[in-house]
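See the structures that follow.
What follows is chain A paired twice: with chain B in the first complex and chain C in the second.
== the complex of A and B ==
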């Protein structure tokens, strides 16, 4: 076969491959890029209360800078993120260690430990709303039967964020535990054998060997949870709708209400794009951290 | 300006309703005219639509049409509607709407079909559009266009425990001050009970607070400005929040109808100010059937000005088959169907149904039902449909009312600051109108 004929065949193959992959590429672009581009476009529009639309340039973004509710929502989002992520990582690692060492634990008990994250968040929200009801809920009944004072839980502006963080941690700690457990099971046994020969205590082994070796897995779990936590919506919407007052009004809840209750889709899009940028920023930061701790 | 307002708010609704009295083509009316078509109904999954949809098969048999029901909880229903309407989509033919909440907004956005002509020209012999509550029809008329047909009549009413009142030596309260006095007495008489409960959840507050404000003699707007810091406005804010703070359940700031009904039904509240629609839920299990009294909310300085609203059925302006959609609206709001719904505890927006012997027999079966109907009669005759600010951004206005009430319940602001902050935000909304 001459060089020209071979080149022609190669070109043809390339064309065929392009044609065959085109539907998948078009579908991906349509499903991912279009909504993003559309939201960016909406962010430059303004909508009146009656839905009338006009071009607003950067007005939505300049409004955002001076909007007290935006900064409050950002603060609540970050507070919830830090609190929940800390709880989930600490208890997730602990639960993973328990499951790793308690090898004789019956399967049903293991399944029960990790079952909360299989529950739809709306169901979890409804369940905790009933449990934490200050008048009728089981939580205060239990507290009072131990002689402790009842709590307002979700109805207290100062307690609502810790309470929501606890609910989310109840649901997602097992998920973190499952990831960390996978990491634990893949650690090289030779390192532990060497530590044992050197007479390292269990705590020293955990501190100097397990934790450093697990760090890439922990950071992976942190990335996965961060994305969810920064977009936190369902449990708050079910339990408090951003209240009491605006004490649990995260950016996501605020954006939803601006868009779907007050019909200001343009400003809501600007809010959500800003939140998306924050999520991307967090993921990039964690990715850098993961590269730094990789072994 | 005044003449224009008169034309918009008074004359045009009257013309619209009068137009319905003109001779119709009832004789030519054929329920099977749109046989084979499919009508899509976006429903709020509440007791009203649940009662209506019990008879879905009857509609399909009568018309030969298929009824496709797209049902959601209230907020999710609106979310779906906003998406569909902003996309100019014809996916929804008929949707449920609360004219008191979103009527101005949806009408200004052009989302409602004008039903005036259909209600005049395409009606069955026994439909009787004039038999529907004129007040509710008027409340659903914007710019002279009839935008929805009423499905029910409802409003907040006062539930109280007759046994507790007797035990504590109390009479049924006639005034708001007597409600406060009763709450005070119940607190000492039986400390295990919550003396008074009503809505504290921010977006839900306006529904019950409006009744309090109007009874006290306050108004939302005066001279084009928000009026919460007026003497009457502050009195209403103070009374409502004080009742909930001092006599309400812990966590009342998260209370809406579900929590209120559950607390009262469980026997742990002595007084509840909640929707008339909740009667069925409150009476579930029968524990409260014999020890509950019902009243319109007791009077303030301005007497009794109860809040009266109703869900309506609207035809989407983007529907490709508004005539077929109207047939469904007409069937759902007909005397026959509304009577069936009434027997399930949905208060009828037709006085003729309220006087129907079968319905009266159902009412007379239980004293609590009699009191419920008596309270609804007061709502129908004296009611105001103003829930929140009568502006296009009504839903957003409810947020600021709720915020002011919550600020006071939680003692986060003194009353002057709470009402001033609310007025400032609300003035900005009014200016957008």
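== the complex of A and C ==
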């Protein structure tokens, strides 16, 4: 008797729980899952200039394989990803160590440190556009006052990607640093004490003890940044729109322009599905790496 | 012993030096933006750049005179508040259910959706919203931005709900409380600060989001971020107004983030790191 009553309450509870997650699940299916299925379908369609739609089979994908702009975009995306991630991890770890050894961090200092990545990337783009202006910008003035030659920065086809990487790293290095700092603070102090007793130098301690223990945290930071870096959009779109020429035409920028400037929705869908596969592939690879370095 | 103390002091000095260097690198561009926004128009483009000038509000006046800045700001506010409210409405019960049942796929579903490039959804949204005549509507913008806010709310709140001892709920259950009542009367007051942090983070990221409004808004519903191009167009000759716009756009997220800076890291890593 009490058994049936218990099952009854349990069933009721399950139902109530399902009802609580239902709005979020239904919303996500309606806004994401269904549209993604629609995108997959769109990837098999072509749209004529009059907006007429017809089945195209794999035409969009075979176009993609032979599209020089796609391979260029892929190369730009990977170059920007590797350059930015390297900068942000190296300087992020350095900054985390500096913050860790600072006695204490007043709230105001912390607020200032997080300010770059709390402001809109679009604002970061606007501000750096002015600072990096080739003829009147403050950056070139600083270079010249040190006797260095001025640079064209975002206006230079060969420098635009390193410059964008620099802007993004200015924004997100403090974020990586705060994650790594969290990892540092959760390490057991006994580890350092043992190393100190053994007379290990600070550098050796870092290389042999701190860094290996920090690796899982560092990989976590790398995953979080990779997702954003592989679909890089805001700063480029606001500063160069993929230019000069096509020098900063990342896959996401290219796909957006194909879709909303040239209105080739079918081909844009194929491009975006390919980019999504790349992002998820990278996340899976990093996740494997994280389990490999876990302790 | 004296040597060790000396080395110690040197190391501390070196560390402080690096801290100051990092602080300058982080702060200088923002300070430059704010300073430029208060410079008289002839001085903004002065070369060599000037650090000392008599501050003026002319750029801000110019900005509100030549662009519909205030109506853009109002649009941003409507979209951001609307999407944050929707994220909380759907996200709080979902986070509670995931925490209670340990059935995590609803939370993972929303996060996976957040990891894909936004253009992936924007293409079908554009086709669908156009068919039903919703391009340029607040509804379309709020719905699209709720895709940003929902996973933030769920993942920031999960650890908060997890931290409540189960016995609290079990006692309430024995008293005959329904699950919904437990959430409303017991769990939500206990995670009130977590809800505040998630709401602020959701607000910040919705406010900052660029891509969706770029396509889904029209002249009447354009958000500040999507209107940034208008300011840049103007800024080709008027850096002062451009920097005034940039300063004003960045102000709300920066002020809000300063309020919750202590809880930001664990919130921003979606629970991956305990800050």
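Everything that follows uses one rule, which is that the second predicted complex is superposed on the first by the 263 of 295 C-alpha atoms of A that agree within 3 Å, B and C clash if a C-alpha of one lies under 4 Å from a C-alpha of the other, contacts with A are read in each partner's own complex, and residues count from 1 in each chain.
As a working rule, contacts are C-beta pairs under 8 Å (C-beta built on N, C-alpha and C of every residue); 3 or more make two chains touch, one makes a residue touch a chain.
Being a predicted model, the structure only gives us computed values, none of them experimental.
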Worksheet item: Should the pairing of chain B and chain C on chain A count as a clash or a fit in the superposition?
Response: clash
Item to complete: Determine, under the contact definition given at the top, whether A:112 touches first (chain B), second (chain C), both, or neither.
Response: second
Worksheet item: Looking at the overlay, does A:234 come into contact with chain B only (first), chain C only (second), both, or neither?
Response: second
Item to complete: Please work out whether A:120 is in contact with chain B alone, chain C alone, both, or neither, and reply first, second, both or neither.
Response: second
Practice prompt. Please name the chain, chain B or chain C, that touches the greater number of residues in chain A.
Written response: C
Practice prompt. Examine A:178 and indicate which partner it touches, taking first as chain B and second as chain C; both and neither are also allowed.
Written response: second
Practice prompt. Could you say whether A:136 touches chain B, chain C, both of them, or neither, answering first, second, both or neither?
Written response: both
Worksheet entry | Touched partner set for A:152, first chain B, second chain C, both or neither | first
Item to complete: With the two complexes superposed on chain A, say which partner A:35 touches: chain B (first), chain C (second), both, or neither.
Response: second
Worksheet item: With the two structures laid over each other on chain A, which partner does A:265 touch: chain B (first), chain C (second), both, or neither?
Response: both
Worksheet, complete the sentence: chain A residues where the chain B and chain C footprints coincide 135-136, 260, 265
Item to complete: Would you tell me which residues of chain B are touching chain A in their complex?
Response: 75, 78-79, 82, 85-86, 105, 108-111, 194, 201-203, 249-254, 259, 262-263, 266, 268, 392-393, 395-396, 399, 403, 406-407, 410, 412, 432
Response to the item:
Within their complex, chain A touches chain B through residues 48-52, 133-136, 150, 152-157, 239-246, 257, 260-263, 265
Practice prompt. Sort out for me which residues of chain A touch chain C in the complex.
Written response: 13-14, 16-21, 23-25, 27-28, 31-33, 35-36, 38-39, 42, 94-95, 98-99, 101-102, 107, 109-116, 118-124, 126-131, 135-136, 138, 141, 170, 174-175, 178-179, 181-183, 186, 217, 220, 224, 227, 230-231, 233-234, 237-238, 252, 255-256, 259-260, 265, 268-269, 272-273, 275-276, 279-280, 283
Practice prompt. Using the touch rule from the top, collect the residues of chain C that touch chain A in their complex.
Written response: 11-12, 15-16, 18-19, 22-23, 25-27, 29-30, 32-33, 36, 45, 47-49, 89-91, 93-94, 96-98, 100-101, 103, 106, 109-110, 113, 115-128, 143-144, 146-147, 150, 154, 178-180, 183, 204, 207-208, 210-211, 214-215, 225, 228-229, 231-232, 235, 239, 242-243, 245-246, 249-250, 253-254, 257-258, 261-262, 264-266, 268-269, 272-275
